[in-house]
Amino acid sequence: GEENEDEAIQSTNDGNSSNTEDTQEASAEEPENEDENDSDNQEQDGDRDDWPDKLRFADTGVEGMEELQREFGPFKEALEDVLDIEVEFFAVTDRIIGATALEYDQVDMMLAGPSEYVQINSTVPESYPFVGIERDEYHAAFIVHEDSEYETLDDIVGTSIAMKDAGSTSGHIGPSSILIEEGYDLDQDFDIQLLDSIRIEAFKNDEVDVLATGIKDYHEMVEEDGEGNYRLIHEGPPLPNDVFLASPELPEDFVEEVKTLMIDHQEQILGSILETGENDKYIQARFLEAQDSDYDPMRRAYETLGLDFD
Amino acid sequence: MPARFQRPSITTIIGLTAFVTLFILGVTHAQLSFDRIFSGITNMLRFLSSAFPPDPSRITAISNAMYETFQIALVGTAIGVVLSVPIALLASTNTSPHFSIRVITRGIVSTLRTIPDLIWALIFVISVGLGPLAGILTIIVDTIGFCARFFSERIEEIQKGPSQALESTGATKIGVISGSIIPLGFPSFVATSLFAVEKSIRSAVVLGLVGAGGIGVELSTSFTLRRYDEALMIVILILVVVIIVEQISSAIRKKVI
Amino acid sequence: MNALSVREVSKVFKDGTEALSEVSFDIKAGEGVVLLGHNGSGKSTMFKCISGFEKTSSGEIYIGKDETTFLSDRKYRPIRKKVGMVFQNFHLIYNLSVFQNVLFGAMGQSRNFLKVSAPFASKKDREKAMDCLKRVGLDHLAKRRSDQLSGGQQQRVAIARMLMQDPELVLADEPIASLDPKAGREVMELLWEIVDERKLTVLCILHQTDIAMEFGERLIGLNKGKLVLDDAKKNISKDDLNMLYFNVDEKHGGIV
Amino acid sequence: MPARFQRPSITTIIGLTAFVTLFILGVTHAQLSFDRIFSGITNMLRFLSSAFPPDPSRITAISNAMYETFQIALVGTAIGVVLSVPIALLASTNTSPHFSIRVITRGIVSTLRTIPDLIWALIFVISVGLGPLAGILTIIVDTIGFCARFFSERIEEIQKGPSQALESTGATKIGVISGSIIPLGFPSFVATSLFAVEKSIRSAVVLGLVGAGGIGVELSTSFTLRRYDEALMIVILILVVVIIVEQISSAIRKKVI
Amino acid sequence: MNALSVREVSKVFKDGTEALSEVSFDIKAGEGVVLLGHNGSGKSTMFKCISGFEKTSSGEIYIGKDETTFLSDRKYRPIRKKVGMVFQNFHLIYNLSVFQNVLFGAMGQSRNFLKVSAPFASKKDREKAMDCLKRVGLDHLAKRRSDQLSGGQQQRVAIARMLMQDPELVLADEPIASLDPKAGREVMELLWEIVDERKLTVLCILHQTDIAMEFGERLIGLNKGKLVLDDAKKNISKDDLNMLYFNVDEKHGGIV
């Protein structure tokens, strides 16, 4: 079946508009493709009229795959190769813009973090996830200095905690929801500072007592400064997967097709993501099907944080 | 003999008092304790040393990003500058056709400037989609907010003598503007415009916002990955471009000043 | 017909300085009149009021048939076109060439700016500009930036610009103050030639009483903002002239 | 008679060609299709309507944040402006004591400007800790990068006549500067400084970075939560402050221009 | 002793204009000399070279005993302090008061700027500034912003500023061009009074040949950048003077 799917999408690529006549014109112009799979093509044209001829793909800077933001070439090529459709890739550095672009049909598919997905889904309720990236070691952690007296979460009541920016999965929503679930009052019990990209330096310089962030940051700090400097006092449960999500404007059978292809070719695609990065050792990743319900815990975290999107 | 000190006007007194009060409040608020500066200096050196030596391994990729950014910044700024000139003329006391037009134009320019880049990026992404075009539009808006304001300030400072000399020949407003205001303001316009180019390059992050890539994304990725030596390399590259732009500015100004 | 009519014009500046008080005079078309007065007597202010760059505090000014007091800039334009001015401090566009500065004199002729910009001006205008420069002896400096001229040369450019305008009424504010004796005399001759040949009207501020007496058929004198002299040359004695300057109280200058 | 067109110099030709080429490349690169702008206009209106009417429910909290930001911005900018004056004097052709000092100062100012706020925030947090002080220091640096550059440009444009007149009395360099350069440049300095105040307020996000709160954090939180009506309220508040600052600027300039 | 010595000074501007060619003259301390010449003959350039604002292309200039050609600005300062200048276009600080502008004349006296700023100057300096203003008849305008003066009043402020400086050598570039006849005469009398009483040296550019002949004990004449006249008044005839202006070829002005 693999081959078939492949070619099916290829034919979509040829028929670049919503009516059959156009499709045939286009096909006629490129007899090469027609030769390959003539009958199949004719048959499927009917329900593939509405398939896009170009996939607008945005990446909102998923944690651990930041490299993809700037070195997206191989990934884009792999995707084009696998899906056999032209892919327009946008590295968007702000999740709000990504969400808004999807809402206003300026983008077809996105790679987003769990927290982003929840946000986007709340604005565009019909958007849905179709492939998740499962990774090792994707959870929030509470880090203190080795020589500090803090051992448990109870000890850090009354201290200052550095987190990332509002809405970050592992650097805000994750740790916050842990604290909430443990029964603390975020406003009363801690001095939480959202320091974004200077959180680690601020922590290293004792500006704050505790750093609550993704486990990846911990590994990085250990790598930089050696063992024995930092201590984990609490690790949260695994966070939901990063997701590829689809715009409701895309035909569902097309998304289905893409999903199958991606899962089938995951080594090639994941390989292309990791090819450029240096942090691949933290990403023992694989693709799997994603459900909207996977993100309900995230939603609850948002709710308990009082960050609801009207 | 004039008195040593003129009695300051009520407005001056109120203004000064307000300034001094706010300043002192601000200083208190900031708990200024400059001694910390020295205590922290070793920390700082340690941090800075993590950025040395700059890491040139990605220089080709970075240069390409820079080149792309430069192109887009150039287009956006050039269009912005061209649009700024008429806007500035409408906004200046001495060239505006009417008081109300002046007030409205000024208001619009201030608004362009006040609305953050993020919102502009949003607006343009919504209307024209992701990509360089949205970036260019954002840069155009930024440039107008900046240049129109500075052009207008300069226009108001131009001595009125030469303009009156042209007016006295029966010249139209446009004649006076093209013959006197523009030539006399030219050195300053050049400086401001080339500063705007530089500014657009430096604020290349906005291109990242709209998915147009560029040097801003490179820099912020280096930061997120805490590769400070790579970040330093990028900063150095930007600095080189900034200095080149400044040199061009000086060279042009030297001819027309 | 009167080329210029000044009726009870007063001008009080914001700080209370009364630069002109109830000045009235008429100048007939084709007359060449000299305006005299001590420093600060209000001569330049008078010119600024006539050309509308300062609003009068009271009184009316007519240029030809037109009342100018309440004119908008737009309505003033056709009138200004007829009035050529030479400013006391020249007011050249310092970073443009001499040639370009002179060409700008023709600005009133066209609403299209390109027609007076050096690269695009008509051959006729360009030749005329060179002609005006030649008349003030500066054709060899046409290409020079105007701030690279000597003081007298700059004044000549200002005069050439005025000539370029083909005005009907000339207001010249000390047009020969920075000129050498020969050039000064020649400029005066040039101005009066215009009056004679083309029947233009010239009102010229001068401090050189000898030249005033030589050229002006009629002399007008201001003192502390008031009109104190207005007569044909033949009726004016040396003493009358001296009175213009010696009657100044300490509030209005007078050197110790 | 001067030729209609002067033969442009080689540098001019090269410069122009480079500009035009880059501009065209940039336009092509951006796939400029301005028709997209119009097709997207309904989208845009829909988006904008989601921000109307502005939501004033948090006005007290917002105003407080604004007030805090204003204080800090004022302190930082005031100090930055004061430091900019001597730096600008060192960096200007006509006032610098020596060619090499000028080049070095210019280089430093360009560097201050090129190093992104984020890095400054990092450096100052490391050396003086989190809080308003780090914010003030970042604003000071920002202000110097901007004001010193613009002051210096204005200083170079000042006519040399009056300065020569003072020099001819045997005045020292400092005398000439205080007696001629500063008074003649004053209107422009005022405008630039008050623009810098405005700029500091608008770029208040940096205060958020150093944990000093302020209006920037409010704004970005409103964004994250997609509460555009609240964001609009904040933008309106900033706009009010910006316009007030502009009015003050005009009022002062009117006196000294 | 020579107050000023100019030795074979030439000045060629960047664009090739030869403004001065091999000009030499000496002026003895206590002399009052008038410098004449047609427009563009190089008079102002001569002054700029003496005060060091233009570098000479060749030749040397001595002020008192000091060779000035290669002096740095810092070394020039004590020399400039002794040389008072009145510029052809006044060069006032337009947005400061008349009083402040005059006070600035004392800048050479102190390294402390506050001592010449109106609010902090010593009583003595303030009184002296008022005195200088009184001598040019402008004490009543001390508070006025200097761009709100008439042309002649501005020129008087420039003269007052020079007086404030207490110079040993005065270089006055057309100091009476914008003054009315009485004021002009009074300023010339003032200058020559200084020469007589305080044994100062004055070099004064004039275009008014009658005033030049009346005041100058010695006259120097430039023509096309060359020294063509340098003699005591008694040896100079009207014709000599006319030659200065009539010998100008079309390349150097001459009005048609």
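Letters A, B, C, D and E mark the chains as written, and numbering starts fresh at 1 in each.
The definition used in the following text is that contacts are C-beta pairs under 8 Å (C-beta built on N, C-alpha and C of every residue); 3 or more make two chains touch, one makes a residue touch a chain.
This is a predicted model, so every value here is computed, not measured.
Enquirer: Along the shortest chain of touching chains, how many steps lie between chain C and chain D?
Expert: So the least number of steps between the two chains is 1.
Enquirer: Based on the averaged CA atom positions, which chain is farthest from chain E?
Expert: Of all chains, A has its centre farthest from that of chain E.
Enquirer: Once you count every C-beta pair in contact for both, which comes out on top, B-C or B-E?
Expert: The comparison resolves to B-C.
Enquirer: Approximately how many whole Å separate the CA-defined centres of chain A and chain C?
Expert: Chain A and chain C have C-alpha centres separated by 77 Å.
Enquirer: With centres defined as the mean C-alpha position, give me the chain D-chain E separation in Å.
Expert: 44
Enquirer: If you average the Cα atoms of chain A and of chain D to get two centres, how far apart are those centres in Å?
Expert: The separation of the two C-alpha centroids amounts to 36 Å.
Enquirer: At which residue positions does chain B touch at least two other chains?
Expert: Where chain B meets two or more other chains at a single residue, that happens at 40, 43, 47, 118, 122, 126, 129, 131, 187, 223, 257.
Enquirer: Send over the residues of chain A in touch with two or more other chains.
Expert: 96, 100, 104, 197, 201, 205
Enquirer: Which positions in chain E touch two or more other chains at once?
Expert: 89
Enquirer: Per the touch rule above, enumerate the chain pairs that touch, sorted by label.
Expert: Those chain pairs satisfying the definition are A-B, A-D, B-C, B-D, B-E, C-D, C-E, D-E.
Enquirer: Help me check something: in the complex, which residues belonging to chain A touch chain D?
Expert: 96, 99-100, 104-105, 119, 123, 165-167, 193-198, 201-202, 205, 207-208, 307, 309-310
Enquirer: Hey, which residues of chain D end up touching chain E in the complex?
Expert: The touching residues are 161-162, 164-176, 178-180, 183-184, 186-187, 256-257.
Enquirer: Which stretch or stretches of chain E touch chain D in the complex?
Expert: By the definition above, chain E touches chain D via 51, 53, 73, 77-85, 87, 89-96, 104-109, 111, 113, 116-117, 158, 161, 165.
Enquirer: Using the touch rule from the top, collect the residues of chain D that touch chain B in their complex.
Expert: Listed in rising order, the residues are 11, 15, 19, 22-23, 25-27, 29-33, 36-37, 40-41, 43-44, 47-48, 68, 70-72, 74-75, 78, 106-107, 110-111, 113-116, 118-119, 122-123, 126-129, 131-133, 135-136, 149-150, 153-154, 156-157, 187-188, 191, 195, 198, 202, 219-220, 223, 231, 235, 238-239, 242-243, 246, 248, 251, 253, 257.
Enquirer: Can you list the residues on chain E that touch chain C in the complex?
Expert: 13, 15, 37-41, 43-45, 88-89, 134-138, 140, 144, 148-153, 156, 173-174, 177-184, 186-187, 190, 207-210, 242, 245-246, 248, 250-251, 253-256
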